[in-house]
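Two complexes follow with chain A in common, the first pairing it with chain B and the second with chain C.
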Partner chain A sequence: MTPAMIEITDLHKSYHNGATPVQALRGITLSIRPSDFLALAGPSGSGKTTLLNIIGCIDQADRGELTLAGIPIPSRNARPESRRQAREITRQQVAVRRKKIGFIFQNFNLIPVLTAQENVAIALTLLNLSPEEVFHRSREILGEVGLEGLENRRPGELSGGQQQRVAVARALVKNPLIVVADEPTANLDSETGASILNLMREIHQRRGTTFVFSTHDPRVMDRASRLCLLRDGTLQEEQERVLL
Partner chain B sequence: MTGLRWGEISFLARLAGKNLTRYRRRTAITTGAVALGVGIFIAMTSLLQGIRSESERNLARYVTGSAAIASRGYWDDRSRRSLDRLVGNTSALLEKLEKNAIAAAPRVSFRGELIVHYDPYPEEGSLFLDFCGIDPRKDPAVFHLDRTIRDGRFLRAGEPEILLGSWLADQLGAKPGFPVTVITRTRQGFHQLLDLEVAGIFDTPHPGLNRSTVYLPLDQVQEDLELGEAVTMIHIALDEALPGRGDPTQAAQLAGEHSPGEPLEVLTFHEMTREFSRAFDMQDSMLNAILLLLGLIAAVGITNTMVMAVLEREEEIAMMQALGMNHRELRLLFALEGSTIGAIGGLVGLVIGAGLSWYLVTWGIDYTPLLEDLKSDYPFSGVLQGVWSVPALAGTPLGAICLATTVALLPLGRMFSLPITDLLRGT
Partner chain C sequence: MARNIITLATRNILRNRRRSVLSVTAIALAACTITLLFALLEGIRADVRHNSWNYETGEVRLRHALFDRYEHLNPLHYTVAEADLLLPALRSLDQTHRVSPRVHIQGATFRGEEMIPSRGIGIDLDREREDLDLERLLLSGRLPRPGTSEALVGAGLAEKLGLSPGEPFTVLTTTRLRSSNAFTLDVTGLVAFPLGHMNQTSYLLPLETASRYLRMEGGVSEILISGTGSDTPGLVRAVDEVLQAQGLDQLRPLPWTEVSGGYRYLQVADIIYRIIALCFFLVGSSVIVNTTMMTIHERTREIGTLSALGMSEGTLVRLFFTEASLLGTLGSLAGVLAGSLLVLPAQIGGIDFGSRLDMVEIDISSVIHPLLNLQSTLGVFCYSLAVALAASYLPARRAAGLPPVEALRA
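Let's look at the complex of A and B:
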């Protein structure tokens, strides 16, 4: 049996919305395989984004267990014994984000003063590669996502779909084990959204990268190899699909 | 986590540079504020240091010399202009000094009342002034008074004459050849009335002298005040590049040997100008206060720019953290943005400051009318001239860079205390 890329056991997370406490995740248990192209679906407030954020190591669960590619990610209840240990945990999370996880955001989150190529290069620069390698790899991935010839354009000179392609390229350029995408098509028209999703699927199949993304769009759900339905912070249903 | 590498630093530097072009007007205003602060500070330093160095030069050239020999206790009691504590047997001491190649000028300082009468003067009147007996032959070896004669001529030994300052002469309407009467007291305290003639009018760069000090031949003074050959002080000129830098040890030794029983002391330039030094130290404190104020203005400007930059880029900062950028790298990015503002502002300020300093060094600012009204006793002339202050020229732009870099990091503290997810939501 293939070992899980992401192993989640009894994950809990709550936060405060103003003065109101919100129980975002209530004991989620989920095993995500390396071959998964997994969609987290559910209505607003179901816990999709919270779960993605915890998987992406930009948020911490209150309790429960999370393992990413064999690396245990501590929950908040696993209180560090010292400041040094706390710093070590933070360092480990930063290192995991830097090397193993690619992010795609709903709002693209590109830096407006940088060109498409430079936006992609950020992720590689953090890996301490040579400037030549950073340049070649970022141009190559832009070609792969269909942006050849647009490398020197700034985000403001690109359409929404093209900007999200840059964001996809930025997430993939460092060859991460996991790509986390929060509603990647929400700000795109249906045709562009479909093309972005096709692109993500192609890359998933070609590179074998694990994709976990959130959506509430049924057309996007249909393209996932695995669908997890969340409601009120709990996993309601799992569906396995065959990618066409 | 390994240290930062050159490729990463270079990328962050380029990103910092591009970030500054996002809001060009805001960046320009902040940079301009820094430049103005640096420029003004450099110019003020140039001017104030210029005033101090001119004052010290004028004191040395017209009032104190490099050092002076006086009877112990005379200097501390000098405001009384008493003739009780004098240096006696001066010819022997002057001879010793001369043999040791130390230029010396004996002087007698005393108080008196100068009286002028209608015709030839436009009005009658009298003034209490500082009088100084000088040796017309020896005085030029230590002082520059002889080089400042505007009208008439310098004093001659043995002549019953007087030199008036330019402001005093203008006030009285005096000209060379006009008579004056002086009432003073002899050493024994008897009133003495002197009838003198104006030999010349001097115009020194020391306004206090031009206004309230008059000079007479020393031999006349010694005779009229019944001093014998005693003087109040013997001023000496030492080999020195700047006032107060000469070594008075030999003069002190000679003064000690001169008459073991007579308590003489050598007063250094710094001892004689302590009051002025205090005033200038106060001026330095004011300069530091101005520096602090300018620094605060620049700091507020840069902080405001960087707070705006951070708040507007919350999501971007969160994205960079999500990509794996750590706090140190983000600090470096903002430090580079701040230091670039500081460097450009500092450089422009340096040009402004150097330009203003050049103007002050070359032309100066003419404050003559103001000083006339103020009746200032500061020993500098009405035209305030600057000097090239290398420490200010080099240090102020560097200070601006350090300040800008430091304050650029302030807004990040709050940002780093918030969860990345909150920043991504823009809350």
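Let's look at the complex of A and C:
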């Protein structure tokens, strides 16, 4: 049996919405395989984004266990013994994000003052690669996502679909093990959304990168190899699908 | 990485040009004002030193030890006796550049019924005419001839007495022997002393004439000694050794820093100017804190994105710091440059405080020439840069410390 890329056991997370406590995740247990093109689906407030944030190491679970590519990611209840240890945990999470995870956001989240190529390059710069390699690889990936010739345009000069392609390129350029995408097609028209999804699937199949994305669009759910339905912070249903 | 940070910082600065201009202007204004203030202070410092050394204290002032204690009683009998023997010994010292014996006459002059206090200064005209640049200070007439009963009168005093060159005036005074004496001097010229209070009260006369009228018997009121200025304590020690060798224990050499009112004023002014500088920088830094906070607030989501991509907290702080240092460098440079450009004409022409300083008994000239000083100008530049960085540090640190998920939600 293939070892899991992401192992989640009894994950809990709550936060405050103003004065109201919200129980976002209530004991999620899930095992995500390297070959998964997994969609987290469910209505608003079901915990999709919270789960994605925790998987992406930009948020911390209150309790439960999370292992990413064999690396245990501590929950909030695993309180560090010292400030030094807390700093070490933060440093480890930053390193995991930098090397192993690629992010695609609903609003693209590109840096507006940088060109498409520079937006992609920033992910590689953080890995301390040589400027030549950064340039070469960022150009190459932009070609791969169909943005050849648009490398020097700034986000404001690109369409929504093109911006999301830059975001996909930025997420993939460092060859991450996992790509986390929060509603990647929500801000796009259906045609562009479909093309972005096709691109993600194509890359998943070509590179074998694990994709975990959230959606509430049934057309997007249909394209996933695995579908996890969340409701009120619990995993309601899991479906295995065959990618066509 | 550093190159990318600089690129990103530069683009961010250009992103909101008006705000960047506001930050740069705030720093530039503070730096410009402080450059002007410090140049003025430097000018006053040089002026006070020049005047003090020339007219009041020298670099080292040599007097009878008891003269200072009873100065308010005009104790002329506490003289530097037998100055003729002491002066050559002092002049032969390697450290001395100028040795100026002085005889002071505290007296009264009259215009009709009105008594006008005056102060005569007997100087060695041959030796001091160049050092005091008397030809340049002369408004009309000529310099007195040594040994004669002639005087060079301050323009203010001449006006009070209604005197012009060629006219006589009489001084009533007390001699060294505590007897009264009155003598008449001919005005040979009017002079514009750089010190306002000297203009209003003083006249110069030949040393030997003053000595004769006060019955000084070879003594002088004081000797002003100046060296290069680089080692005042060393000069005091050297003078002291001469005094001990001649057995003149009753004489006491004092550095100008102890006896000059102007120097003490400068010490206080220096503190006041630094406090003013701090206030200006505080105002400037509040603008920077404000603009940095606005910038950070607007870019919180970007901070979250960069953090999600794996940018460390330290690198994020460095990014904002780079922006602040670029703005700070630009503002400081512009401010110091503008300040220097404003100082230059004033340095040449001087700032005329006119009669406002006439009655101030501090050795400050009526016309002050601000002076640009490389050290203090560099200091202003570095200080304003440091303030710009310090002002942006806390907001940057706070923003970088935000959990990425919170920053992304903004």
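As a convention for this text, the second predicted complex is superposed on the first by the 244 of 244 C-alpha atoms of A that agree within 3 Å, B and C clash if a C-alpha of one lies under 4 Å from a C-alpha of the other, contacts with A are read in each partner's own complex, and residues count from 1 in each chain.
Methods note: contacts are C-beta pairs under 8 Å (C-beta built on N, C-alpha and C of every residue); 3 or more make two chains touch, one makes a residue touch a chain.
Fair warning: this is a prediction, and the values are worked out from it, not measured in the lab.
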item	value
Joint occupancy of chain A by chain B and chain C, clash or fit	clash
Which superposed partner A:A121 touches (first chain B, second chain C, both, neither)	both
First, second, both or neither for A:S130, with chain B first and chain C second	first
Touching partner for A:F103 - first (chain B), second (chain C), both, neither	both
Partner chain in contact with A:D59 - chain B first, chain C second, else both or neither	both
Chain B and chain C contact sites that coincide on chain A, given as residue numbers	53, 56, 58-59, 91, 94-95, 97-99, 103, 105, 109, 111-114, 118, 121-123, 125-126, 128, 131, 170
Residues on chain A engaged by chain C in the complex (per definition of touch)	53, 56, 58-59, 90-91, 94-95, 97-99, 103, 105, 109, 111-114, 118, 121-123, 125-126, 128, 131, 170
Chain A residues touching chain B - in the complex, by the definition given at the top	53, 56, 58-59, 91, 94-95, 97-99, 103, 105, 107, 109, 111-114, 118, 121-123, 125-126, 128-131, 134, 170
Residues on chain C engaged by chain A in the complex (per definition of touch)	1, 3-4, 7-8, 11-12, 14-15, 301-302, 304-313, 315, 403-405, 408
For the chain B and chain A complex, residues of the former touching the latter	1-2, 5, 7-8, 10-11, 14-15, 18-19, 21-22, 315-316, 318-326, 329, 419-421, 424
